[in-house]
Structures are given as C-alpha cells and as structure tokens.
Amino acid sequence: MFVHNKRLQYTVRVAGPNPGLANLMLEQFGGPQGELAAACRYFTQAVAEDDPGRKDLLFDIATEELSHLEVIGSIVAMLNKGAKGQLAEAVESEAELYRSLTGGGNDSHTTALLYGGGPALTNSAGVPWTAAYIDTIGEPTADLRSNIAAEARAKIVYERLINVTDDPGIRDALGFLMTREIAHQQSFEKALYSMTPNFPPGKLPGDARFTNVYFNMSQGEGDARGPWNSDDNFKFVSDRDAQQAIDGGGEASVKLTGDEQKLLRQLAERTASDPTSDPMTGAELGMGGELAAGREADSTAREPSGR
Amino acid sequence: MFVHNKRLQYTVRVAGPNPGLANLMLEQFGGPQGELAAACRYFTQAVAEDDPGRKDLLFDIATEELSHLEVIGSIVAMLNKGAKGQLAEAVESEAELYRSLTGGGNDSHTTALLYGGGPALTNSAGVPWTAAYIDTIGEPTADLRSNIAAEARAKIVYERLINVTDDPGIRDALGFLMTREIAHQQSFEKALYSMTPNFPPGKLPGDARFTNVYFNMSQGEGDARGPWNSDDNFKFVSDRDAQQAIDGGGEASVKLTGDEQKLLRQLAERTASDPTSDPMTGAELGMGGELAAGREADSTAREPSGR
Amino acid sequence: MFVHNKRLQYTVRVAGPNPGLANLMLEQFGGPQGELAAACRYFTQAVAEDDPGRKDLLFDIATEELSHLEVIGSIVAMLNKGAKGQLAEAVESEAELYRSLTGGGNDSHTTALLYGGGPALTNSAGVPWTAAYIDTIGEPTADLRSNIAAEARAKIVYERLINVTDDPGIRDALGFLMTREIAHQQSFEKALYSMTPNFPPGKLPGDARFTNVYFNMSQGEGDARGPWNSDDNFKFVSDRDAQQAIDGGGEASVKLTGDEQKLLRQLAERTASDPTSDPMTGAELGMGGELAAGREADSTAREPSGR
Amino acid sequence: MFVHNKRLQYTVRVAGPNPGLANLMLEQFGGPQGELAAACRYFTQAVAEDDPGRKDLLFDIATEELSHLEVIGSIVAMLNKGAKGQLAEAVESEAELYRSLTGGGNDSHTTALLYGGGPALTNSAGVPWTAAYIDTIGEPTADLRSNIAAEARAKIVYERLINVTDDPGIRDALGFLMTREIAHQQSFEKALYSMTPNFPPGKLPGDARFTNVYFNMSQGEGDARGPWNSDDNFKFVSDRDAQQAIDGGGEASVKLTGDEQKLLRQLAERTASDPTSDPMTGAELGMGGELAAGREADSTAREPSGR
Amino acid sequence: MFVHNKRLQYTVRVAGPNPGLANLMLEQFGGPQGELAAACRYFTQAVAEDDPGRKDLLFDIATEELSHLEVIGSIVAMLNKGAKGQLAEAVESEAELYRSLTGGGNDSHTTALLYGGGPALTNSAGVPWTAAYIDTIGEPTADLRSNIAAEARAKIVYERLINVTDDPGIRDALGFLMTREIAHQQSFEKALYSMTPNFPPGKLPGDARFTNVYFNMSQGEGDARGPWNSDDNFKFVSDRDAQQAIDGGGEASVKLTGDEQKLLRQLAERTASDPTSDPMTGAELGMGGELAAGREADSTAREPSGR
Amino acid sequence: MFVHNKRLQYTVRVAGPNPGLANLMLEQFGGPQGELAAACRYFTQAVAEDDPGRKDLLFDIATEELSHLEVIGSIVAMLNKGAKGQLAEAVESEAELYRSLTGGGNDSHTTALLYGGGPALTNSAGVPWTAAYIDTIGEPTADLRSNIAAEARAKIVYERLINVTDDPGIRDALGFLMTREIAHQQSFEKALYSMTPNFPPGKLPGDARFTNVYFNMSQGEGDARGPWNSDDNFKFVSDRDAQQAIDGGGEASVKLTGDEQKLLRQLAERTASDPTSDPMTGAELGMGGELAAGREADSTAREPSGR
C-alpha cells in the first residue's frame, strides 16, 4: 500500500515563472523517458515478480520514482504559476495574453489552454503519455536489461534539461533526480548479474549455427570492423548469396486443401492484372490538354487490335 | 540505399492455414517487440550516428531486421491464405464463415475483416504499431543499452511463440529469428563496451552525495537485501524521515511578482472551498427517499444560522 | 513523497488461476475507468492545486487509488500465476499450450505472449493506457465535476466485474474497491459544493440570451418533454428557421487584404471544378465491358462539341 | 437521420487571417474538450438509450454540438484563409513563407504543412483526436454525470479562448458557444435528477463498512479538514496501521494445483537472484579507468573464496 | 530479403544547420504522408499479394520508399548536426541554449530534448508515427486506389516543403523525391486499370436501386449541381421525406425473447427519468446566493404537493 | 447547421441479439474504414473548401455518412440489447454471465464491460477511433483521390460483413450502406475529373528526368513486367549502380561553422568506439560458468599488453 507524506523528497525552489521552460520539463513528467513511465515500469514488474529480492527492489524503486514524479510535477506547477493566474483571471488585455501564451516558442500554449497551467501527462510536444512506452514483458533477464536502459535514457534527458536551465534551484533539483537514475541503474545491474546465467535471456538456447554469425548487410564505403563483428567473435558473412536463403529455399509456402486452392485460384482469376495490356488510366485522363487527348485517341485506336 | 532480393533470408514452410496462430505471430510483425520496431530503432540511430563503427553496425542490423520482418510477415500471410480466399470469395454459408472467423478465440477476426488476411502492422490484440515503441534518444551509451534490452525482449517473445506452435516449419523459422536476436545482442554489447567509459551514460557526472544511496521505500514483511542494496555497495536508508526532504526543506516554491501574487490571491478567493460549511450535494439530492428529504430539511434549517 | 508498505490495503484471495478472468480485470488496472486513470487524475490536480483543503483531499484520494491499483494488479497477477509458469517453462505440448492460451475467448493471449502473464497497463482489449483518458483541465469547478463522474463510472465497471465472477475472494476485494468509489464520490461532491457559487463553472458569465434556450434539434416520432427542456426551465425552440443563424447572418467570412484575395482567386481558378462538364472518370474506365466502351465512345464523341 | 442546412447556427465574422490563433481554436474542434468529442459522446449514448426522454435529449444536444463543430471549424478555416493561398500558390519567397509558417510560436506550422490550412481534427498541439476522449459507458447515472462534467470543461476552454482573442467577431461567436455549454449542463442536470434515486450509481449497493470512511493517506504539514472528510460525514482514519490490510491479511494469494506449483518452483529456481553474491556488472565494466580495474581485480580475487 | 548499400539514392547537400527546418522535414519522415508510411503500405500489400505482377511492383516501390526514408532522414540529421553537438557538449550558456532550442517557433525543442537531434519517427508536431496511417485492407482494387491517393498526398506535402526552403541542396533532393511520387502514382494507375473490371471494387454488385442516386442532404444558399450529381448521371433526391426511411420504416428493432424483454423492462423501470418532475439539481445548488435560495424554497414548497 | 429527424435513413430489423456479431459491426462504426471516418473526412474538407461545387458535394456526402453512422450504430445497439439487460440487471449466475460475455470468441467482452453494450467508437478489436485515420490534406486533387479510395475500402469492408451474416434484416441494411459507397465513389470521380488538369496533383511540375523512370528495386525469381513498368511507359532501370546515387554523389553533407565542427569533434572523441579493443561485455558476464570464467581470465590477461 502506498502512503503519502506532504514533504517532497527534494526541495523545489524556482526563481520565477517561465511557461516555456515548464513545457520542456514535461518531458520528464509525461514524456516517454519520464518518471511516470519509470514508476509504471517497475510497479508492473514488482506486482508480478515472485523472486523476493527483485520484488522488493522493484517496489523500492517504483515508489521512489513516484516521489520523483511529484518533484518534477511541482517544478512544472511552480513555473506555470504566473500563467495560471493570468489565464484564469484574464486581467491582461487579450492581445498581451495571446502573446504571452504563444511567445514561448514551444507548446506551452497547449498546457495553458487545455490544462490551465497544471502539470499535464504529456511530453514537451503535448503528446499524451501512453503505456506503449512501457516495455515490461514479464521475464526478469529481459526486464532488468530494459530497466538498465531506461535509467540510462532518463539520465540523459535530465542532463539535457539541466543544460537548458540557468535557474539554480531547478538545476539543483534536476541534479538530484539525474543522480538517482545513476544509482538505480547500478542496483538493476547488480540484480541482473546476481542471476546466473542471465544470457541468453530466457530458457531456450539459440541455434548454434547462427548464434555467432554476423551478416554484413550494409556495404560500401564506410564498411567497418570492430569487436562487434570481428573474426574473433563472429563468423563474418559478406557474400550477398550467403546472406539470403540461408537454409536453402528462400521461399514461403503453405499446404492447402483442394478447396482452399480452388478458392484462391478463383480469387486470382477474378483479380488478375493483365501484363500485356496498356490501359488508359485516371492519371492520363487527368493530365488534360493534348497529352490526354493523344492518349485517348491512342487508346481508342488500339482497342480493336488489342483487347 | 536499400535493395531487395526476392528470396527470403530464411525459408518459410507452413503446414497449413491457421488464422488464430497467424494472429499470435503478428506480435513479432507489428507488436512492440517485433521486427518493425527493431528495424526502425536501429535505422533511426544509424542515420544520425557519426561514429563510423557504430554507424555501420546499426545499418547492418537494421537491414537484417527488415529482412526478418519479411520472414515473419510471410508466415502470417501463409497462415491466413485459406481465410483470405474464403472471405473474398464467400462460398461458404455466412454462418460457417462467421464461425470460422470468430472461432479462433482471439483477434483473428479483425485481421480478416479489416485487413483481408494480410499481415497487419498491429500486435496480436489488433493495436496498431506506434513509434512510441521506439526508445532511440540519440546518445550512444543509452541507445546501445536500449538495443541490448530490445534484443533480449524480442528473444523472449520468439521463445513464447515457439512454445505455442507445433508446426515444424514455423518452429524452424522462428528458431532462426530467435537466434539472430542473441547474435545481435552480442554485437551491441561489444559496441557498448568498446566505448570507454560508458558509465554513467552521458557527460555530466552524478552528485556524489546521492550516487550510491539506496532508499528502502517499500517496507514490511518481504523486505530483502542483496547486492543491489547491500551495505558494500550502497548507503542503505530506511528511516522514513531521512528519505524525505533530503536537502532540508521539502517544499515547492516560486518567486512571484506583486502582480502575479495579486492575481493568484484573487483566483484563490474566487475558487476557495469553505471548510466550515456542510453543503448539500448532488449525491444527497440523488439518494432520493427519506435520506435526502431529511438532509434537505437539515440544510434548509441550517441556512439562516450559518451561511 | 510516497512510501510503500508491503501489505495491501485489502486482502486478495483468489480461488484459482483463470487467465480469461484476469484479462477482464485489466479493465480496472489499465482501462479508461481504472485505477491508474484515477490516481493520475487526482495526482495531477493535487500538484497544481493551491486551495489547501482541495489539495489535501486530492493527495489523499490519489494515494488511495494507487493502493487500489496495487490490489487490482495483484488480482490479475494471481489469476495469471498458472499461465505464467506454463508459458515460461513450456512443459505442456505446444498444441495444449496454444489451446490454453487462446481458449479464454478473449484477449488473454496477448497478456500471455506480450506481458508474460504480468498485469499490463492495457484495458481488456489489449489497448495501452493513454493519458488521453485523463480529463483534468486545471479549474476546480470543472475538475471536481469530472472527478464525481469518474467515480461514478468506476463504480459501474466494478459492478459489472463483480457480476461476471463467482470467485468469493475476488468478489470480496472488488466489493471493497467498488465501495470506495462511492465514498470518494461523496467527498468530491462535498468539495464541489463547498465552493460557492460553483455554477456556471469558471469566471465569465453566459450570454443571458442563450443560457436558458433549448433547441429541439432532433424531431419526429419520439420527441419528448421533461424538466430538461420544459417551458418552466427553458425557452423551447422547435422552429427550424429559428434554430439557425440565430444572430441573423449564418455565414462565415474573413476580411482579406488585396494580396490575399488575389492569391485565393488564383488558387480557385487553378483548382476550379467545371460543373458543365461530364468527364469520363476512372470509375467508368474501370467498369470494363460494354458499359465503359459505350461511355468511352460517348466521351470521344462529345469532345469536339464541348471541351 | 441528419440533414444539413447551409446557414451556420451562429455567424462567423473574422477580422483577418491569423494562423497562430487558428491553431489555438483547434482545441475546440479536435481537442479533448471540443465539439467533436461532445457530439460523439452524446450521439453514442443516444443510439443506445431506451428511455424516451433521455434518448430525445441526447439526440437534440448531439445534433447541436455537430452544428457547433461547424461553427468552430469555420472560424479556423477563416483564420487560415490567408495561409492557405500563400502555401498553395507559393508566391512569397521561400524564406518569408518559412517565417510566416513558423512565426506563430505554436503548432500552426503543422496545420499548414500537413492539412493545408484546413481545420484538422487535432488539438492545438497537433495531437489527433481519439475516441479515448469519450467516456460513455452505457449507464445513465454515470453518463449523465460525465456529460455534466464535460459541459463544464468545455465552458472553461471556451472562456480561455475568449481571453486570448480580441477579434470581436470571434469573441461573439465563442461567447455563444460557451453559453450553450451552460445551457446543456443545466439540461443534463435536470435529466440526472429526474432519475430517483441516482446515487450511488448503478444497481449494487456499497458495503456499508466502507461507504463513509475517509482514509487520510497524505499526511504532514498541510493536512486539512472540511466537509469532504469531516467527522459529521465520514469516519476519518489517520492511523497508518488501520489504513492497510483493512480486512486483516493484506496479502495476495491464489490456490494452485500441484502441477502449477511445481512449474512455478522450477521457474523460480531458474531465475533466482543470489542475494549473497556481489557480481561484477556491466556498469562496473563500463566505468573504465582505475575504478573498474580495481573492481575487476576485486572480483577476480573474490572468485576463489566465494562462488 | 533487403540489403543496403552505403550510398544514398540521391545526394543530400545541406547549406547549414537549421533545427526548425529539420522539424518541418520530419513530416515526410515520420508523418502520416511520409516515407515510412509509404514503405509500410506497399510492403504489407506485397507480402500478402498473390498476383505476380502486382507483387513485384509493390516490392519494387516499397524498397524505393525505404531508400527515400533514408534520404529524408539524412536531411533531418544534417539540419540538426549543429544542435546535436551543442546539446550534448553544452558549451554555450544555458540561457543561449534554451533560446536556440525554443527559438525555432516550432517543435524542434522536442526533437532536441527527446531525440538528441536525431531523425525521430514523428511528424512535425512531435506526434509518433502510427500504423493507423496505413490503409491497406488486402483487396487490390481498393488498395491500388489507396496507393494512388497516397502518392498524390505525398507529392503535395513535398511541394509544400519545397515552398518553405531556400536551401538549394535540399530543394534539389526534395524535388527528386516529389517527382518519384508522380512516377509511382503512374505505375499504380497502370496496375489498377490492368485489372478489368475494377469497378465497383470487390465482388458483390451494388443494389441497383441505390447505385445512381444522389441525396441532396445539405441544402440552402450554395446548393450546386455538376457532373457529380447531374440528372444525366444520378437520380437527384432533394425532398427531405424521400431521403429518410427510404425503404419505408425508418426504425430500429430487434426480436427479443420473453426473458430478455423482462430484463430490459426491469432496467427501464429502474433507470426511468420522470418527465413530470422538476427536480432541484446540482447546478441550482451551485448557483449560490438568492437564486439558489429561491429555488430551494421553491423546491421545498413543491415537495408536499408533488412527490 | 445539422438537424436530426427521428427516422433512420434505412430501416434496421435485427432477428435477434448477438453480441459477437455486434462486435464485428463496430468495424464500420468506429473502425478506420467506418462511417465516422467517412463523415469526418468529408466534413473537414467541406468546411475548408472554396469551390462552390465541391463544397456542396462534400457537405451532402458528409451528412449522409453521419446518417449511415446512425444506421450502423443502431444495428450494434440492437444486437447488444440482450447483453445490455443481462449485464445491468445481473440475474443470471455469474458463471453463466461470464460465459456469455467471453463466448463470442472476439472482443465483445470489452464492449460489454466498458461500454455496457452501447455502440463504442472502436473497431472490432476494441481500438479507439483516431483522427489519424483521416487523410484530408486540404488539396482537392489529392483529397478527392483519397475520398475515392476511402469509398472503395468501405465498400469492401461492408462486403465482408455481409459475407459473415445470415440475418436478412442486417444483410438488407448493410447492402444499402455498401451500395451508397459505390454511388459516392462515382460522385467523387466526377468531381475529380471535372478539374482539368488534375494530374500531377498540385502546382509544381515533376522533374522530367525522373517522372517516367521505373527502378526495379526488387530482383530475383518473380521479377515481372506489365504496363506499370513497361518500356512503352517508363525507362526501366535494373542496374544496381544506376539505381543509387542517381545524381552522382550519394552522400549526405552539411556545411558547419568552425565552432560547430569543434563541438562535434569533441563529441565524437568522447563517445568514440574503439574498433581495436575486444572488451569483456555484460553478455559474457552473464553467460556464467566456465565460459564466462575463461573470458574473464582472458580479459584480465589481455589488460597489460593492450589497453
């Protein structure tokens, strides 16, 4: 069960209202790499997990991410505090209000009009948060890797947000949030590697013929080698013929009953294209002028002999 | 530039039509962990990448994933071949066709009605593919971790699909596709670790005060310790007071101009809730009968004295 | 800040695994009227709210909804516990596993394949949760009404879920959750009516000419009267002419500069349709046979005289 | 059946083109609180409704909302009339056109490029309208409350749009539209309260033990009391222990067969995390430099003694 | 199988970085009329197609569209090259970086923050690409028409992009891409008309009574005639009565069993609205002041006599 | 302005309740090719159109599609009438209700639970309708082609629905609706061809060097020729070298300032991958057992000599 204490995990001191900056901050509130995504990711894993260590870890971090969601949401709310009053009370002239609403050069206008300056569960482009961002699949060697990657991404987005802010209070809070992603990544790494083995993920082994093959699919100037496709680690296949139809055939087939075949033949006949025709088309009709006229004459002329 | 050769990378031999199974296979065609997601993920990274080794690697694997998309799409098309003919030519009785359409016990009906049995860019629940599945953020230490995780997830979904199929041709092709995810994961791992250092991701260092702290946010029976929160690796904080307002305050504030404050006060007054009232509500009106009548009398009675 | 205690707010006792039922329960986990939606709705309002009473109320209920999310998620996890083991360990024959996966007659197959039996943030059709479900707009007289309505909807969906379950442990937990929606609705009602006045919402008054007019837009057998359109409460307008162009004109116009007008004229000429023509069309080309031949002759014939 | 008369329900007189303002107006065309949402909400309820009074009411208002959609769409079209010509005929220099396209400071560029200046079914951030905005659930005591709330939200968004416009013709039309939302809200209120009882919504009563309990989940400075949690109206529960595991247990359980248990044990063993290990991790590999070297030495050193 | 050659299909020469322009270009990368949509549209058709000519055509063009996706993606990457370095290395002051990020007047800020300047699979408003853009339905006479229309739309969006750019290298590359859409449209037209007949699409004929009827549903000043509703081509129906209930009845009915009827009656009674009541409503409670007081008195007064 | 008459445009006579069939019918209510999509498509074009003939045509057909939406919605409501009563009144045993809810073998369970049996704006898989289905771009030669294609697709989906129904009343109504799509397609064709010229769409001509070139991008067994790539109509390019870098270079470049170059070099160095390394990776750590041990020894050994 969750409970809530009024104090934030980290203090939010904002130097002054700035709806444009608020809008950028939404990236970590309702954006794909933001705190709601993090909390939902770990929470859904925690609820389904049976391993006691991982279950506890996931609940710990899910809960902290919810608290971070509150911190970043509070930053957004503070930055919009001025706009909130202006829009609701409308004491400025309309023209000024319009300018202040759209002057930020980004999507803060939507936050204002649609959400009244509150922290919206959207990213900085106004796109509503979607659970399609969550990549939990219910298998720990995959999910922990997903969590490690998610923490890495969140760290970077915080870094970028810090880079565009000179408000010291916001930078301080963002620095805390960014650092916690580093800590979380380390915990998830420990949890992953405390499972032995954890690679390849899951239960089924790979097919040994293909596990260490590297297909050089993109060729030309710029082809490069490195440990990711070195002869030490991989069988490197550049020959185009050896890249396709690896097991021989290279075709797709299905066994059909006689009835099924008959129906498909009937469908094929009904919808056959005639490769020997040269039909007049809508495009030619649409060209207008002499071009089409010529083509039309043409087509009429060809009729008797061809079709 | 991409070019296409008619032969598949791996042969598809399907034992017989099965629209229900086709629908499950869509998970790796238009699902979140499927081949379109993989191809788009690596392709978008490749186009933006400047490091020659990674750029080449990303194009190699993006191209192979496109070829896998074709393999899994061909499996879907083969499995739906019977349904395609039946629906288009409609020679069965309507009732039989209805039964065959909805008998699969899953969403194959949508594939048939809406997509005519073709491979649709949806998952097995009929949800259209969305680029919200793509987590590319344009930073290699994060993106490579995302790729590693994505390969792990795709491997697991292939494993699950293999587990629900007894068609040997399909199992063979899925086994190839699953194995290639293992190979790709290994390449991305090599690429990640050939960047030194790669942790923490990005450029800004963490704040040393918080990098190795573990907040035990979820407490009670089931609390667990392990390397992810051990005293060797982390400062373990269980005290609820030490978890909040870490830097002292714990509040959110913003500096406002006098005008801004005035407007907000005005807004606050206009929308104040009166904590001393006990207003009649719509719910009480809606209860009907004596209950509401009593309440209404009550409320009328209270009017003179209170409000 | 949020903290988590290991015990659930309400005990979950499930009589036995049932993936089909688990899938239905997702409606209140990741569905539009479910607990994540509720928690997000109130949390976003709480963060932005300045009125002390409402702010506290919103945090209280947001937090409880998160705890409900955990309860319903735990029900889903328990119901899927059997499927989780079967799919991951794959000891059944593939054919049996396929049957058990798709036999539920609903979308439990997606939950299994894609989410490994974990509680997914989707509704019962597999549609990912989206913040488009959240209707917070940052104005309390509107948001509180939205909350009242949301609680009413959630109550109904719980009622429906109770109606399709005979597992007494699940019915018990769902009964608790359903009842809490009733309690929450009452609190939100009190909060709404403790604002005076709260109607019309917002600050701007309506235009008195149109505030109590009822337009009878749908006419014919079935036209009905009641307090919602009675003469006591509304001016009832049935006359079709009086319903349109209420203020006279009824047209849309904009003042354009000469340059703008010139460009639009040029565009109009370039894209004008010729109402006096009777052009041959793609559809006619496509009809084939005599029909099209006749039309083509026709068209050719008409050419000299008309175009 | 719907029919259409050429005259608008209300006249649209726009003082001059303004693509930026047009973009803001989209909020009520294709936004979540806009007219398409309103029309779809009431129309879907009307079609399913059996009560003659409500059915008629819903069709009346659905139809009027469609007519409002036309009014707001016409405003958008008029505001974009200049941009439409410029973009299609491209007589300005490219640089000027670029500036005029992106100078609005909001998403009008997307409207221009993608929709050619026509009214698009998106909100002001360019997000396509989705039926996820519609909260119809097919139960009148819930749906009418949803309608009441929806009208309140729409009223507020109109109010905000009026506040950012000084074009008198637009303000006039928006004022009409805003007022109609007030009228509609009153009709829906009358319809709700003409059902007796209408609370609690639906058929199942709540569990009397929990109907009037208020859980004080968020505590600390700022805790507040009011009619929404007063002792008169609710049993107020602040004790953390009394808030959790209300019915005793607080755990989640499911009865499994022996086979199911065996599989889950097998899965648990296969994927167990070892809490006593301190594995080297990818993060440590990735730190590079002395740090990682030390850790690697460490780990090698520890190998013999520990694992 | 797809393979990749390093050289682009067409050279990309960008005069200088311009994140705002990059953002507009996204329309053809991850927008609804863009190259990913085109490639996916034709690829999904190709995989399912059985007609040898169309199958080959669809693979040819799908592959070319993928190559165009690479060209437009490369334009985006080049235009963002400056921003990429600035954001990652953060050597400017934060305030300057903020200005450069949000100064474009469009959504380039999201591309920078969230995608690091890489080409994102979104449109110019930041909306993620969705397979809902793909209208493939698996029937060639419909799909080919969809393809013709899609090429026409893509041509127009390229034309608009050319109109807002004065960078000669970009204009050159866009000109190539635009022209290819014209070529593709011509190929699809030929493919459509080489099927005889191709109209009406599909197998079932229309009902001859309604195939050539035109209902004049929108009437008033502006009513127009042309070949699309001329007496030569259509039976023109303007009479409102003749437009509705064309086959007589005009009602919706379903045969129900006695049990079903009984349940529905029970539901109807339970949820009946009372048209003779004039209930006090939440809106009236919410009006406050004398108005509500009067109404409340009223309502109390009416109680004895009416309810 | 829209007005509504109570009688349907076409009578709906349903033989008996059938929630599974109702769910399939949703395809034409809230599906991508359904009536809401059609109405919105034409309505948005109508509002923006300036040509009097097309404007009138578009309003006529938009209005008729709304009336069709009502017809198909009424079919859905009738088919769900039985389920509506059962779910709301819950007189069956829970187990029976569960069976009836999930026995349809498709997504009717979601319609019941979430929408109470009402017609929902989703497709048959439960996916909410989205304006992403609408391809209006505000240019008539493109939009009319889109409309033609849309009518063709809708015709096919109706044909498929007719094929799975044996209820004569439903078949009759669907037959009417299907036929109207044929009529509408003919009108849109006439409107397209009454614009001269209408090809290529838009204003800019294509680049004559590329307008009639066909790139044979997909090669191998199955290569085919036809009028869509014949030598009569196109210059056919099969040579792989002639397909790429058509204008010579084939590379992407941008001119950067010295500062920009410096930053990018710095970024490149910071994030360089070392192609000569062979780093130990997380995957190797994760393999466990001897394999990883060997690798670890290896890596340690290599340290002194190489890095």
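Brief remarks follow.
Read from first to last, the chains carry the letters A, B, C, D, E and F; within each, the first residue is number 1.
In this text, a contact is a pair of C-beta atoms (placed from the backbone, for glycine too) under 8 Å apart; a residue touches a chain by one contact, two chains touch by 3 or more.
All values derive from a computational prediction rather than experimental measurement.
The interface of C-F is repeated, with over half of its contact pairs matching by residue number, by A-D among A-B, A-F or A-D. A comparison of the B-C and C-D interfaces places the larger number of contacting C-beta pairs at C-D.
In terms of their C-alpha centroids, the spacing between chain B and chain D amounts to 19 Å. In terms of their C-alpha centroids, the spacing between chain A and chain C amounts to 23 Å. Residue positions of chain C touching 2 or more other chains, listed in rising order: 1-9, 32-33, 53, 59-60, 62-63, 67, 74, 77, 84, 88-90, 104-105, 107, 114, 116, 122, 125-128, 130, 132, 137, 139, 141, 148, 156-157, 162, 185-186, 190-196, 199, 203, 217-218, 222-227, 230, 233, 240, 243-245, 250, 264, 267, 270, 273-275, 277-285.
By the touch criterion given at the top, residues 20-21, 24, 27, 31-33, 104-107, 123-127, 156-157, 160-166, 217-223, 240, 243-245, 250, 264, 267-268, 270-275, 277-284 of chain E touch chain D in their complex.
Every residue of chain F that touches chain E in the complex is listed here, in rising order: 5-17, 32-33, 52-53, 55-57, 59-64, 67, 74-75, 77-79, 81-82, 84-86, 88-89, 91, 130, 132-133, 135, 137, 139, 141-142, 145-146, 148-150, 152-153, 155-157, 159, 162, 172, 175-176, 178-180, 182-183, 185-188, 190-191, 193-194, 199-204, 206-207, 209-218, 222-230, 233-234, 240, 243-257, 260, 263-264, 266-267, 270. Of all residues in chain F, those touching chain C in their complex are 1-7, 50-51, 53-54, 87, 90, 93-95, 97-98, 101-105, 107, 109-110, 112-114, 116, 122, 125-128, 139-141, 148, 185-186, 189-196, 203. Interface residues of chain D, counted against chain F in their complex, comprise 1-9, 30, 36, 40, 43-45, 47-48, 59-60, 62-63, 66-67, 69-70, 73-74, 76-77, 80, 84, 88-90, 114-122, 128-132, 134, 136-139, 203, 279-282, 285, 293, 296, 299-300, 303. Note for the complex: chain D touches chain B at residues 141, 192-193, 195-199, 224-227, 230, 232-233, 273-279, 282-289, 292.
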